[in-house]
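See the structures that follow.
Next come two complexes built around subunit A: one with subunit B, the other with subunit C.
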Partner chain A sequence: MSHSHSTSGHVQRLTPLDKTGLGDIGASLQLGLGILGAGCLALGLLIGLNGWMGVSEDFFWRSYLVSFCFVLAISLGGLFFVFVQHLTRAGWSVVVRRPAELLASNLRWIWALWIIPFGWLWFRGKAGLLWPWADPATMKNNNIAEWHLIEKKIGYFSLFGLFDGDFFWARAIAYFAIWAFLAHVFLNRSLRLGATGDRNNIAFMQKFAAPAAILFALSVTFASFDWIMSLSPAWFSTMFGVYFFCGCATAGFAGLILLCVRLQSVGALTHAITTEHYQDMGKLLFAFGMVFWAYIGFSQYMLIWYANVPEETTWFLARQVGGWGPFSLVLLFGHFIIPFIGFISRWPKRMPLVLSLGAIWMLAFAWLDLYWLIMPRIPHDLTQFERFSEAFAEFSDTSTHFFTPINFILLAGMVGLFGFCTLRSCRAYPLVCERDPRLGESLHFENM
Partner chain B sequence: MTSLPANTRIVDNTSEQPGDRAPLVLNMERFGQVTTTVCRVNEMKGAPLAWYVAFAASLGLLGLLGFCVLYLIFTGVGVWGLNNPVMWAFDITNFVFWVGIGHAGTLISAILFLFRQKWRTGINRFAEAMTIFAVICAGLFPGIHVGRVWFAYWLFPIPNQMEMWPQFRSPLLWDVFAVSTYFTVSLLFWYTGLVPDLATLRDRAKGRIQQIGYGLFALGWRGSNRHWHRYERAYLILAALSTPLVLSVHSVVSFDFATSQLPGWHTTIFPPYFVAGAIFSGFAMVVTLAVPAREMFGLKDIITLRHLDNMNKIILVTGTMVGYAYSMEFFIAWYSGAMYEKFAFLNRAFGQYWWAYLLMVSCNVITPQLFWFKAIRTSIPLMFVLSLVVNIGMWFERYVIIVSSLANDFLPSSWDKYVPTWVDVGTMLGAFGLFFTLFLLFCRFLPMIAMAEVKAIMPAADPHAGAHADHGHGGKDGH
Partner chain C sequence: MPTTVTAERTVTEMSSTIAHPNTAGHTHGESAGAKSRPYGLIAEFDTPGALMHAAERVKSEGFRYWDACTPFPVHGLDKAMGIKRTILPVIVFFAGAGGTTAAFVLQAFTNSTNWSTHAPDWLPMLDVTGYPFLISGKPLLSLPAFIPVMFELTILFAALTTVFGMFLMNGLPQLYHPLFASRRFARVTNDRFFIVVEARDPKFLRGKTEAFLKSLNPIAVEAIDE
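Right, the complex of A and B next:
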């Protein structure tokens, strides 16, 4: 359409809150979230490091990584949403772009939740509790059968001879720098566009989105290799980065839907975001969170199962023995089959209440998915079994320890801090991309 | 066709100010102009000379294909250069190549439809036609490489008194289902879209034969409200059905390799990597065909520079995805620490097929990066050359994957070298003859552009056009 949109039409559809941010609204909620987050994280640390409630330190650190990756995934999903809109010059999404930018802007501080605790872990020389390769001596003793695979990749983690994992740390810092930079640029330019109306900002963001996409793809892939795949140092899968990306998209789109619903419930964006936008966000959640996730997960599983190469199957075996068998099925049904049936129709995506319930559901399963990726420990001697049935029998009493309180305490801690910071941004920044040249198109957007 | 004065003709619509949407149909205001421009191709007395030249060349290649296939059938698969361990080479390479080519059509008609990309209307019809012809070419190869061609129907699980069944656990059988489903749905989708346009041709036809021919296939279309309502419904459902097919078909093709244990074949990223590669090669083929077609048949105002620019961007994106997959394979082969994995990839790059690997990487990953520059994306000669380069690169990608992994597998004593025979090469070239013959016939006798859909995206289709132009209403953003 080559219509030019008159600005007079927009003004009636934007509330004062949309232009100023929430301001005083939500101050007490923000405080509550902050206290909850800090309190739960402190409590979690006390429990984990003192071994209270029977929590071992290695279990604690993995559980910490699960919940950290969960809030990270929401932020990365937000960033993905933002640059894809610029890359495709999308018109429909302008009214929900600011909430996505605010979700992504958490990448500007989230590094602290990684660098500080894990720096301390390294400082105490206990990194091997979480990442086995960080303690090569112990690793060698425990993994004699697989040591020939692992020793060749030690250089990927420790290259400079400073300490075990020096290269791993250099990369981690690079990922966080990239993410913070990208999130900052997109938010900052968008705010500047709103403040000055200078359309060079939008042109810049459109151009910048392409290299941003490449940086995003590479950093997310290698971060998932480094932090999650290397928990089982002998295991490898070329698909793993894509699988983790699906988790980010799931969490990000679900988080965005919830944030929009929340903002509307306090009177912001009430006339800007309509059923039409919810339907489209629902479609994205459906496509990436349910269908694409299932496609990638199935491809990875089926190919490894079919070829049946021992060094690859052990990873899935560890996720099928004992309690992990039912857990995997819960994930399959909860992340794919049930929401797929539930959200394939048009109407649930057009009812914000139903859609936000779906988003909460998908967020829960994004977290479960990370739990499934990170928590299982491969019993070191799987290769001694000639048949899977023997391994299943041997490890039939393996528990997922899912309902251990520490999991939920750490989740509450992370989500609390994440909520605190997101709400802080929502109070400080305008909630709509004002003066965006496609705002009119977005405000008047209708699905076919 | 009533055209504007020469000096006001718009040629370049690739730039748009943020907030405005560039026009997708140039130099036309009325629907009738679209109809005349498109139907002229089918209604002109004789085709342009270039068409006859191209058709003669294609027929020649088709003849070569016929000869090679007959020679194969009467002599046996020994006429190909296959050996032990390379028991699969040109035949399956061609199969994967052609299935891949088809994917652009499905992406354009299904996924771009769901993404409300209006520019798809200019190119969807002939991209879909291309899909169908490419799948026909692809289907030829499994048919002829079974050895005893007269038993090719055993590929299908047909009940028989000998209780002979194909191996249901084999991805090759899944391929039979995947590709035949793909062909069926693509054909239905294409034909459904054709119905209103066939009715237009029928109504305009002067000759009796044309009237009967187009009339038969127009299924009595009268363009009533109810007809359109049913049509739009069917279109949306077929688009939704085709969407998973974009992913599933080439994923299943990739399973042919990835389910094995052979290093270089067995890697988990294969399904999405093959899909990205298929879309990449398919779009390159669309550009290869669109550039001469719009020139030859005077369709530059409908397949505009903007359409080509957009397609080149998709080539850049998917080419970069393919590059990502290449890097992941290489990185994980090293990271795995597994001896055979590492060897397979080093052997690809530096072994006996290093030249093919070099060709593949430079054609698929390096040269498409030139599309970062708008000047290259919008230059007709350069994009034509680059699209050919991508076509070549993607053919060699399959060749590299298939042959290099087989020729140097686990046991050095069984290694060998594969050299194609003239029959291999003739069959490969001949398949292009089949493809282009079908495509040229399509251009001549069927509407190359989805007229009804193009009209729907013109400003004149907007109910608020004219009187309320300054009302600030963006209009429906529907397809």
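Right, the complex of A and C next:
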């Protein structure tokens, strides 16, 4: 059992499926996911835009943004996983790198789910429903004090004088271009390495990973400022980008674990991915999804709690009144305390079934976390109260509207489309990074 | 002193002579002039693979007090030797939880109560009194303010327990070990792999164990005295 990383030694551990992709396997599942996705999105649009089932249009757009950010987070998490492996020249992860590359490659089309609906929203002049700053006239009417705060930073959204939010749009297009480009480069170079065996590709990816990391960090940070933080434009937190990144890592690692388990269940990568790889992916999920999330979430909360400045505290106050109070506690326990205790040991990470249950749990809470970030609206008169208890009593009947069906219809729509495209990639591309110089090391990898 | 020794008997004698000056200060309840007790036998291998096979044989032979020594970590050796996982992580978990609790109790007591605890009369300086002090209008018992300290003490207790627990459980620090006396064994930090069977093992019989070790096809077998 000495470490002979010869190229002949590990070939037997790869099945034909690993080298060709799933092919015909999964065709019907892919079709089913596509129909589910397209059908649910269409149904969601019909309900939301016609106001059926008591869904208001602004609620619909927020709910849409929650589920969009959820599938975006899974893809961005996959991209993060890929470039970190190149950045650290990791050997263990080569057998799970292709599934991560395939998750990330969804970034090549995901822009359509943002640009088309929100472009249409802008075109109809209704962007203010979702992002209040996009409708300055209404803002001035509703809350003049808040408008004075936002007036100072309106240039961040509208710079060129073309329309309200022109700079916001220019940045959004830049983010999508960066993500699609990065995901494309990593998948493409990896495929070329497999096809030709030219090791310049791996050298290139390792060099490229460093600027990719910088571009990724900046684009994810500013995208979360633009799309999520600016829903409450008077509020600000420099921690916010990291918080959203943490959500991306949670969703990405959980998605990667589930994808690996799923691929193995249909006979792919069966001898390539072992308990050892699951344990390491479990460690990453534990570190980023549970510990880091709590660390960042608390760091953001504590400074605002301590400083006690009204324009900062209202954001959290809006998440403590009415149904949001229990919701925040559910998030704290479900995203951190329960899975932290559950997955601190070695054994649950080494059992793919237990680990995939944990991954489903964490995906659910990653979505809940986005719901918690995006859905609450800060009432205009929240700052008029002298005491916490008065505001608390006044808004005690605020509902989270969590169980409104539209939330789950849109989630099913997004996840359906995402599953459709991911499965399509899994059928078309080899599932293992063939001829990677560290493939042998990865196949024989063992935790100490 | 000969630099290369091939005859096993000579090796035994040599390691005894080297061991003696070192063990003189080492208390074993023996008088300084008495003949040393045997520590055990070592078998030398030149590949990790050979060591792994040997380890499996030693394990199935039912020895309890034995070890494998290698220049670098060998994957799968723990399994081949049948070593159980350490319980250190469990101890560390409870130490960490203890740190969390200690930090909370400390802060809650000192910052939000005015209780006094009275030390025994002979320790008058240790009277401790809580000092409730209002900071930026927060409630005296404010969990968010306590969390950074709780976090830090969790890490501190867990980290210290990990390091010192590891030291204790490994019997470290250990400044002398009988194996250090063997010149042959010095190559364990370079390119050789050893199996050590200790004499205190109930199954250890000088001649029989030596024959067994030789059957594992080692490069050499050597007896080590304490």
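By our rule, the second predicted complex is superposed on the first by the 444 of 448 C-alpha atoms of A that agree within 3 Å, B and C clash if a C-alpha of one lies under 4 Å from a C-alpha of the other, contacts with A are read in each partner's own complex, and residues count from 1 in each chain.
What we mean here is this: a contact is a pair of C-beta atoms (placed from the backbone, for glycine too) under 8 Å apart; a residue touches a chain by one contact, two chains touch by 3 or more.
Source: prediction; values computed, not measured.
K.L.:
Under the superposition described at the top, does placing subunit B and subunit C together on subunit A give a clash or a fit?
P.N.:
These partners clash in the superposed model.
K.L.:
One more residue to check, A:306. First (subunit B), second (subunit C), both or neither?
P.N.:
Both partners, subunit B and subunit C.
K.L.:
Which partner chains sit in contact with A:28 here, subunit B, subunit C, both or neither? Use first/second/both/neither.
P.N.:
After superposition on chain A, A:28 lies in contact with neither partner.
K.L.:
Check whether A:199 is in contact with subunit B, with subunit C, with both or with neither, and answer first, second, both or neither.
P.N.:
A:199 sits against subunit B, while subunit C stays out of touch.
K.L.:
Counting only touches as set out at the top, which of subunit B and subunit C does A:150 meet: first, second, both, neither?
P.N.:
The first partner, subunit B, only.
K.L.:
Which partner does A:438 contact after superposing on A: first (subunit B), second (subunit C), both, neither?
P.N.:
First partner only.
K.L.:
Let me test your reading of the model: by the given contact rule, A:389 touches which partner, first (subunit B), second (subunit C), both or neither?
P.N.:
neither
K.L.:
Going by the contact rule stated at the top, is it subunit B or subunit C that touches a larger number of residues on subunit A?
P.N.:
B
K.L.:
Looking at subunit A, which of its residues have contacts with both subunit B and subunit C?
P.N.:
1-3, 302, 306, 308, 444, 446, 448
K.L.:
Provide the residue numbers of subunit A that touch subunit C in the complex, in ascending order.
P.N.:
1-3, 298, 301-302, 305-306, 308, 344-346, 444, 446, 448
K.L.:
For a test of understanding, state which residues of subunit B touch subunit A in their complex under the given definition.
P.N.:
So the residues of subunit B touching subunit A come out as 17-23, 114-116, 244, 247, 251, 255, 258-261, 266-272, 320, 324-325, 328-329, 332, 334-338, 372, 459, 462, 469-479.
K.L.:
Where on subunit C does subunit A make contact in their complex?
P.N.:
47-49, 52, 73, 75-76, 85, 89, 93, 136-138, 144-145, 147-148
K.L.:
Tell me, which parts of subunit A touch subunit B in their complex?
P.N.:
These residues of subunit A touch subunit B: 1-6, 8-10, 88-89, 91-92, 148-153, 156, 199, 202-203, 206, 210, 214, 217-218, 221, 225, 234, 236-242, 283, 291, 295-296, 299-300, 302-304, 306-309, 311, 437-438, 440-441, 444-448.
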